[in-house]
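The structures considered in this document are given below.
First chain A sits with chain B, and in the next complex the same chain sits with chain C.
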Partner chain A sequence: MAEESFLTDDFLGQLISVGEVDILVGVPTHNNAKTIRSIVETIQAGIVTFFPRERAAIINADGGSRDGTPELVVRAAIGDAKPGSKLYALRTLPSISTQYASSPANGTALRTILAAAELLRAKACAVISPESTHLTADWLTALLRPVYTETFDLVLPTYRRHRFDGILLTNLLYPMTRALYGLKIREPYALQFAFSGRLGSQFLAQNPWHEETARAGSEIQFTLAAIGGEYRIGQSFLGTKQHVERHSADLVPAMRQTVGALFSSMEPNFSSWDTKTGSQPIPTAGTEAEFTLEPLRVNRKRLREMFSTGVAELEPVFQSILSTSTLAELQSIARLEEVRFHYPADLWAKTVYEFAAAYHKSVISRDHIIQALAPLFRGRALTFLMENRNGSAADVENNIESLCLEFERMKPYLLEIWNGGE
Partner chain B sequence: MPLEQDVLWYKRAIIYQAHVRTFHDSNGDGVGDFPGLDQKLDYLEELGIDTIWLMPFFPSPLRDDGYDIADYYSVHSSYGTLEDFKGFLDSAHKRRIRVIIEMVLNHTSDQHPWFQQSRSSQENPRRDWYVWSSTDTRYPEAGINFLDTELSNWAWDPVSKSYYWHRFFSHQPDLNYDNPAVREEMWTVMKFWLAMGVDGFRLDAVPFLVERDGTNCENLPETHAILKEFRRRLDEQFPGKMLLAEANQWPADLRPYFADGNEFHMAFHFPLMPRMFMGVKLEDRKPITEILQQTPEIPPSCQWCVFLRNHDELTLEMVTDIERDYMNDSYAQDKTMRLNRGIRRRLAPLLDNDRRRIELMNGMLMSLPGTPIIYYGDEIGMGDNINLGDRNGVRTPMQWSGGWNSGFSVAEPEKLYAPLIQDPVYGYAAVNVFSQKKTQHSLLNWMGRLIAVRKTTRAFGSGTIEFLYPANHRILAYVRQLGDEKILVVNNLSNAAQAVELDLRRYKGNILIEMFGKNIFPRVGEAPYLLTLGPYNFLWFRLRRV
Partner chain C sequence: MREMIISELTQAMQELSRGFAHILPRIIVLVIVALAGWVVAYLLKVLLRSLLRLIKFDKLSESAGASQLLSKAALPSATELLSRFVFWVAWLGFILLGISVLGVFGLQEQIAKFFLFLPRLFAAFLTMFFGLLAAGFFSRAALLAAVNANLPSPRLLSVSIRTIIIIFVLSMVFEEVGVAEETVLVAFGIAFGALMLGLAIAFGTGGKDLAQQFLEKRFGQKRKDEEKEDELSPL
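For the complex of A and B:
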């Protein structure tokens, strides 16, 4: 029986027309008509400015937009058939689009981009989020240049963030990934990154692309594949990442995509992390990370309430996930007044590791495990906010560093409970 | 049809550019001459060309390969006599080959008696035949053409203690076209050669004839008025003769040289040529289609002249800075290959002696709008010698055989006007007419077939062009049409095989007949027409309704 292709004939035809490229930029979209035009124009400016002689293409993998996003991408192509681009380009710069599904799925979008990169034999590829409203042409060279000219296989971004932006990243994803794999990767779950053709091909071939990763988490899987395959990884400072206000209801889906992916990656990558101790810096162009300190309104009371309510209401769930001592400590914290509220770093690391082990053992539904972590994360976020309320950028960085060291120190405990223990 | 009755001959011509000095030496003095050229007319007739454009052959100190003329009414003694020229001209016409000669209007040699008289005193009657000034600060907006050698357009003349104007080398003073006597004298020169039978002139450096304060002294209305007057007289007294403009300008700036069909018959399309090289290097049709999109319509009786290489450097005047850098890095990494704003190399070395690319470039030359010019020696893939100064590296003796002096001359090798190309790849032992004639698939024989196929249709010379824009940008495809005759041309600019889908719905029902092998291809329908082309492959199809 003929093997089924996940690329449509129409998309394949477009790829044949594009032909071999040196640089490929993938843009996964879903209803991004408001921003996509300026995103594509900025990408074009980056290519024309920094890679004027290279063969390049923009590939849009769309998850069923109904607002005309793919048409806007295709219309923006720089060519001779419809002259009128404001940019002067030495050569044609095609931008093509394919709709991989009627609903968005990050993993399938990435898979589509990787397949296009492989078919076009791209030497260096970048993925750019359509929501990157701070995107500048410089980002393209910052991400792609190390891959294209310096033999890096994966280049991840670092940003200037608000000190309270990305708390899930600074308090869980970064410290845990760093402790597991021994590398100081600031943005293991990046929405813009660059990679070599060989890494892309290897990931495309080896990743199982099951339903779960098709939906979410493929970006972190990609990073972990690079770590596991001992590919050359670097970081590039891109500048300011805008702070995006998130509704509290967004937290669980975000945790599913990131923490869920991180936890589920631990099983297949066990041999890559079980013996690692400490952590090493990775080559970084520009500063590792910066923080801005503008005042930000945070509803601390609500965070504490959600933590306390969660600890109380989910006690039966926690009993199957957490150790007795951890649960007792959490219950004790839940009873504290707001001014004395404190969820210490060591307890937080221990909590996360116990969740990871429970996830591994599937003590209950894995999705419930992730959901149950959400209220506890809110408690940890409250502590982080209070600890850094008046701190300088350096204080924030030191606070995160201390937490990372705590995760590293506690790693033997993770190994202890991974296959046994409590 | 008798030659003189075919007044639009230049639209269908295939021009061969040659220099008497470089072609064949009949008297063994080491320099090519008219009797020698005459002896090689059979070769040119066999190749299929129907027009020869000769570089300057007039008496000259030869400090600019003859573009520094010292006498407009005679032949340089090294090349023979006026009678020899007439003999050659008659022989060419007997073979239905027309002859275009150079007319250097803008300047003379500083050795020309006119200049010698002009500089001799302020009162001399010819004083006003050149552009003199007491200062070297007039016309500051005018650019310098030969940046590598000239610092100013003014040169100090110690004899007359004044500055004289020169837009090219300082030994080439510009004539003063504000002087009616100069205009009359130059028309007399043209009449002299036209009466002898020459079929047209390539008018050299025409944008620069007149100078005016506050301008860059190029393309001025006064210049156009002078050129129109020459054309009027030409049409009146010598109908069927042709004027070709050498004006290295952007297409929109060139358009006025055609006027309403009453100035030049033809003009070189300078900006197209570097973009053909760029398109092949980039593997992208964009540079080619863009410049042709910017090329204005010209009157029906007018024509562009297109070329790949000529006796000068591959000029990069009409490109952007980014494009110039790209061209230099791609085609002239060795900086000694660069001259002024160009690259002083021949076609074959520019294309790494890649037969597929040489064929593709010639295929485009023969099928894009315009009259094609083949530079002597490029039909056999001759090389160059970048160790010779100026542009002399692309003006070495024609390579006729692998024998003594490549069959160019029986002189002692040391007496040749320039050394032969002798390297193992391009040297005359490897690249010559004799051996290529004997090889069925040689470049020379392939060029002959290409020319023959081009001549089977008038659509290439006189037809319209409509670009198809297939999604595959490595494919340059267009339809040339003249009346009911339609030719589809598909060029693969890439070094890899390509698939392309062409939208040919407006030709639905036609079959495609490949013009070289005459094979039939499937009928055009509603669906996109799928073609696959090998690396640097090109296909010409006649569209025919059956």
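For the complex of A and C:
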């Protein structure tokens, strides 16, 4: 109960009035009034349908919404007898909302949900993103059932995605996490996942929440904590993940949140990954991943330009991070025409490993190292697009698999440069 | 006459001997203080060098860009330079302390002035180092932000920021050591003003097209169209 102090008295009072629960669903929000109503109703439908006899609660951790999101969550609570409700629950299903800060912070939102889960002694908890417009009641049981009945500690999602969606996951986070920890976890950074009370409590107690790196990217830190603690991890196929439109400016914050968190966790978890070779599948309900192939407009010229400009302009920065041979190879790629452009998988793996080692050694500001990786990632993304432009779903999967194997093959190089080398 | 000469000579010899007897112990003290000072200064140097190596001071200096400056000037590494600086300041301090024992008229005041100047010299040295560190950090931050935002001429932006910070730091250093304070202040004002005016004129007239392109890209319809095309979702 060490974490009580950061929760407000009002929130604590509401939690105490709920008592203990079996199932808890946490929804972190910030100005999600448009979608939150249907999300909460779907969660309620999932609980009433699949966990009718269990004691359950919905916790909303809000980051200072100004569009009435928390009020919508609270209003959706199912009482003993709710007139006009379409759902008939055997038990009450409280929905509690708390504002943890005046601005959104994923880490603090997760911390609030974990603390609530610990106080309510929840056996199984799920975190659901308020942007999940494709959410169905089945998602809830797919995530929670393995934790509640099959003693899994962490259940991560797998999705049917567009082949070019989640390109940072397919080209860096998945291959690198797999090569480091030897587990084929498709979505190490998940916005929908379920976990056991004991894993939640352990992460709540052990994560250094006062550190910026621990708060940023807490979702991936949570996955890595489960791997490091040798908890039972599984995956559940949830269905289609909707395509979220992003702009080029979103890349650096996304990299800070995920790649920064992955790099920073390598130091404390060194003993968990240094001896691992190869990779093993983890228990998965449904297929591991599916791809859709509909056409997507992508400005390839712009990606190439940003890569080439980055390589040319950031040369003094890369000299502190990359080996001479890697930098020379990147410079020769940057000179290639768009049709001949190719950033090979082995060079990409080598680049990422050199960045990880530079991050470990803090050769320059760590945040600058992450920012410097963004233009190179654009180059790799362009190659991935070109390689899979006309490929089938199986071809895309094979391409990702061969990249993963390249990361695994290059792992001794990472170990070599981690404590010495170039 | 002869006796008078002998008496004067004897007196002169006696005075010389007295003077020598008076100064000799002081010279011996000076030598002892200088030798002890050398030992203390050497120990300080070794201690400081180990400490700086432990905290990887050379890496800090490298990221600040100070190492490149030192190497261009054929000077040793930052750790070695700072260790030697401390050695010479400490030893010189001991030698001056020894000299003050000699009781030479007017020297005491100069020595006191030197000791009063030392903290300012050290503060100037620190200002210079941290100033270079800040210049390196902020110019790199600007370079990375400009590259990732796809702004034109990122290197120019980065070098401009570095130059402005270095000019500002140099003016602070000169003010600290009391070298031509007013001249440096005026020179800084002129240089800074000229740089800003130059940039404004260059961007407004010379780079009219570039400015138009930049503004269109940032706020115009073109940007919206370009961004609509770039629909890759990283996560």
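Simple rule for what comes next: the second predicted complex is superposed on the first by the 409 of 422 C-alpha atoms of A that agree within 3 Å, B and C clash if a C-alpha of one lies under 4 Å from a C-alpha of the other, contacts with A are read in each partner's own complex, and residues count from 1 in each chain.
Simple rule for what comes next: contacts are C-beta pairs under 8 Å (C-beta built on N, C-alpha and C of every residue); 3 or more make two chains touch, one makes a residue touch a chain.
Because the structure is predicted, anything quoted here is derived from the model rather than measured.
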Between chain B and chain C, positioned on chain A by superposition, is the outcome a clash or a fit?
fit
Of the two partners chain B and chain C, indicate the one touching more residues belonging to chain A.
C
Of the two partner chains, chain B (first) and chain C (second), which one does A:Ala358 touch, if any: first, second, both, or neither?
neither
Looking at the overlay, does A:Val147 come into contact with chain B only (first), chain C only (second), both, or neither?
neither
Is A:Ala381 contacted by the first partner chain B, the second partner chain C, both or neither?
second
Which angle, in steps of 10°, is spanned at chain A by chain B and chain C when each chain is reduced to its C-alpha centre?
140
Taking the superposition on A as described, I'd like to know which of chain B and chain C A:Leu251 touches: first, second, both or neither.
second
Using the superposition on chain A described above, determine whether A:Gly13 touches chain B (first), chain C (second), both, or neither.
first
Touching A:Gly166 in the superposition: chain B (first), chain C (second), both, neither?
second
What is the minimum C-alpha distance, in Å, between chain B and chain C after the two complexes are superposed on chain A?
39
Which positions of chain A sit in both the chain B and the chain C interface?
none
Under the stated contact criterion, what part of chain C meets chain A in this complex?
59, 62-63, 137, 140-141, 143-150, 154-155, 226-235
Chain A residues touching chain C in their complex are 164-169, 189, 243-252, 254-255, 258, 296-299, 302-303, 305-306, 309-310, 313-314, 317, 320, 363-365, 368, 371-372, 374-375, 381, 385
Chain B contacts chain A in the complex at 278, 282-287, 289-290, 293, 320, 322-323, 326, 467, 469-474, 494, 496, 498-501
Once bound in the complex, which stretches of chain A touch chain B?
13-14, 16-17, 19-20, 52-53, 55, 79-81, 83, 88-92, 94
